[in-house]
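Should a chain be cited, it is by its letter among A, B, C and D, assigned in written order, with residues numbered from 1 in that chain.
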Amino acid sequence: MTNRATCILTISCADTTGLVAAIAQFLSNHGAFITESAQYGDPATCRFFMRVAFHYNTATHSLARLHAEFHPIAAHYGMDYGFTSPEAKPKVVILVSKFGHCLNDLLFRMRSGGLHMDVPAIISNHTTHADVAKWHGVPFHHIPATPENKPQAEAAIEQVIAASGADLIVLARYMQVLSPTLSEKYAGRIINIHHSFLPSFKGAEPYSQAHARGVKIIGATAHYVTQELDEGPIIEQRVERVDHNRAVPDLVALGRDLEAITLARAVQAHIQRRVFVNGRKTVVFS
Amino acid sequence: MTNRATCILTISCADTTGLVAAIAQFLSNHGAFITESAQYGDPATCRFFMRVAFHYNTATHSLARLHAEFHPIAAHYGMDYGFTSPEAKPKVVILVSKFGHCLNDLLFRMRSGGLHMDVPAIISNHTTHADVAKWHGVPFHHIPATPENKPQAEAAIEQVIAASGADLIVLARYMQVLSPTLSEKYAGRIINIHHSFLPSFKGAEPYSQAHARGVKIIGATAHYVTQELDEGPIIEQRVERVDHNRAVPDLVALGRDLEAITLARAVQAHIQRRVFVNGRKTVVFS
Amino acid sequence: MTNRATCILTISCADTTGLVAAIAQFLSNHGAFITESAQYGDPATCRFFMRVAFHYNTATHSLARLHAEFHPIAAHYGMDYGFTSPEAKPKVVILVSKFGHCLNDLLFRMRSGGLHMDVPAIISNHTTHADVAKWHGVPFHHIPATPENKPQAEAAIEQVIAASGADLIVLARYMQVLSPTLSEKYAGRIINIHHSFLPSFKGAEPYSQAHARGVKIIGATAHYVTQELDEGPIIEQRVERVDHNRAVPDLVALGRDLEAITLARAVQAHIQRRVFVNGRKTVVFS
Amino acid sequence: MTNRATCILTISCADTTGLVAAIAQFLSNHGAFITESAQYGDPATCRFFMRVAFHYNTATHSLARLHAEFHPIAAHYGMDYGFTSPEAKPKVVILVSKFGHCLNDLLFRMRSGGLHMDVPAIISNHTTHADVAKWHGVPFHHIPATPENKPQAEAAIEQVIAASGADLIVLARYMQVLSPTLSEKYAGRIINIHHSFLPSFKGAEPYSQAHARGVKIIGATAHYVTQELDEGPIIEQRVERVDHNRAVPDLVALGRDLEAITLARAVQAHIQRRVFVNGRKTVVFS
């Protein structure tokens, strides 16, 4: 196993005959041993998505060389593609307000190796979690958000994100709506956790809405942020059974567990390059 | 165990101190041995709900006597109440269109003892399931439904229901909307199965709506029918995980299993007197 | 879409570099458009499993020709392989004792198109379900099973199976243990439903065992039959939450729903060629 | 709502006619307004269990007075009983080895109010989590455990527990087996989390066992510790679907989430006095 490294190849393009053959032939020609492969052709959009993990010989190959030599094939088929090392740690900026359960969960996973990522910055409109950030050694940016300072606040947020070199932005119960401009700029790279089973109960106070409607199951939804509130492509959803006996605070408490794990799974899938945006939806290779 | 029978007492009324004491004292005075008891006081509506199953001595008591002797207590507290024998078989009229999975499921459960009920009539706007009805020995009423004949069709349906002495009406994928009049007349006694996780995807083609939105979990909802479409009190919901790979027909196929079991559980709970309507919601003692 | 048909190619062999390239190149050379593809290389057993669904041109190709022309590749890599039409209806023989819920469920799915199969024979050691078989137009074979006649009964069963040309044998709550000889003869082609979450509660009365242990979740397991009782490769498992309030008959009743759906999903996966035996385990491409 | 406090009354005794009447009459006589009530009579053991939450007037009553005045009733029926304030914070000692996910989860819940408890001591056979303990302000006791020092280590553990005044001891992935003496001494007050769906995969390396057996669902089990390893009364179980694609480390990672939430729910139920030991099983009023 000396001189072997793992690489993840991700591809999306228009679907056509011969695609897989071209990709597989390329990998075979470069001595790649495939360890995991998943693909999906969407009959509605005629888009093709693929994720291949493989071992290669580092004595004879490199990511850069693979990338360069794959280029003609990618150009021929009009592919979006990437070769990534699973060793690389993506930079994930976390935004949070007062509820800290998702933040605590993400930081613990980072610390214990459950999520292979770095967190170069935590941004919050409150100071509640400054100490947790400090304990994890993550710079904490307090950027208050008021109806009056929204443009300045967003500018400050954007500056922190840009300075951090963030690959991904996670809204871990950040109770402010991002501007369309920011949502658009980081399209496909901002994950939000919404505390309902979307599309039910969009907007504010979803647990109160769920309680009022008398649903027997509550849920949480992790999705990419788009310009339309709570309408972005869904990455992951999880649910839990409840009954008439649960008051709104009980739903809030139960929901915290759903939110933390739903968000963590979505972040994990994104980091491991398992998620592809497919129009208003996602393809997720589990 | 000679001379012992089981009875189910159900109560709903305004909540107040001393209620349970009064009920429990009555039962104790009549030699009742409680086998199951559940209660709920809703802090929002200040309504109290209770279901008690108990053994009593048939040599000294009867349902009629229990009912009569409980009357003063019920009157004092303004209770809605009932004493029911679990031996009694409620009469359940089933309405169905072309999809037969819920009908087959309900009839099989009746036949095998899984649902303790009689089905005195099956009503359909199609003839698809006439043979299944015949095999189970249930009278089948073909009442076509067209935009033109709606009032006459409803009148015919109502006549069959009335003649059957139905305790409960089940819309087992009956693809017609009942009139407000009929919905109102049988309020709390018509159960519908909707093929989505309400309140998501009300109305027509919920699986197509779910597919278009890209949800990662689909569901089914059994609820009492009210005048507002798909807005009645929810009795039971069940869900199943799906992924991007599922086309609409796959969701429809998976959904059938959800619908059948969700409806069966709701009918079971209703028949066993476990369901109480509480405003726009239900209390279900499982 | 004229002249196009769908084919499913299934492959298992020792894993090595270049496998997928060889397969994909073959498909591409024959003008195949891949609609679904899944593969798995087991690092423990070093076995490779693949299932590809594709469209091909019936004017220029046939299953027989594809099979013949793939032969050299298969021979080179030592593949077990098959080209199957999803139109073909496998023949499924069902064995049942007194409990009819799985039988009813399978027959309803066959009748309504949910399971694309033919049932040429139902075998039972009781006559309970003769009428259901008759109504579905399926020959019913009553083969009593007693401690004394076991060899003769098995011989009779084997004769019915052989005469039916069965592709698959389903033990739909057949409460007799098949002999090692029969289990071996139809290895990988007999599916049993066990009414527990294996490996918990093997053998008799699993719901009583579950009740005695006080588990908070019950389950059902569909698995291939092997010579060791309840030890065969697991295809599908499903579970349901229960609480202290459930007596053994309640668990039995709840379990019926689990058993029926678990078995149906396993049969569906087998019929659609999604299941591969991998030593004592299975690979299931969902 | 002035002068009102909440109290939880828990009762277990032999089941008989008139029990609920006596209890309810007592509460009514003392002006109690019942906010939550659950009961269960086990037909197998003939034991009765009840949990009632109620408001009382602090101007006229106290827990001590309620307790004293209930005594004659309790004595008459041979009840084990207790009146507890939900305001009281139970003292919970946590034992942990190297895996910190359950510890982190419990401490975060304590800190954020999700679990209403105090943690007077953390005990570990490793120093891995000393810093986390420190950050949460909880005294950390490093008590190494080797085959040689087991009696001394247990004595040290027992001393910390005794000095802390612990109401509950939680084995949050503490990878040592407690002695029968200690298990017996704190019977019904030690909760362990086992990383499998018991009774499957008792003992060591349950995820490896699960992987080898090829189960399609993994689980976690929180149970009271008894003298028999992994055989104590089960409080809570949770499960998660897996497939052939998951290697042992994947199961370990997925399992962590199950373990943390399963343990937290069990601790929550215990703290809220919702759990009753009933022979080898539990009654849990959710």
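As a convention for this text, contacts are C-beta pairs under 8 Å (C-beta built on N, C-alpha and C of every residue); 3 or more make two chains touch, one makes a residue touch a chain.
Here the structure is a predicted model, which means the values were calculated and not measured.
Set against the C-alpha centre of chain A, every other chain centre is closer than that of B.
The chain pair with the larger count of C-beta pairs in contact, out of B-C and A-C, is A-C. With centres set at the average Cα position, the gap from chain C to chain D is 42 Å. Centre-to-centre separation of chain A and chain C, using mean CA positions: 37 Å. Residues of chain C found to touch two or more other chains are 36, 43, 245, 286. Across the complex, chain A is touched by residues 16-25, 27-29, 31-39, 41, 43, 241 of chain C. Taken together, the chain A residues at the contact with chain D in this complex read 36, 100-101, 104, 108, 112, 114, 135, 245, 253, 256-257, 261, 264, 286. Taken in their complex, chain C has these residues touching chain D: 40, 42-43, 197-201, 212-217, 219, 233-239, 243-245, 247, 278, 280-284, 286.
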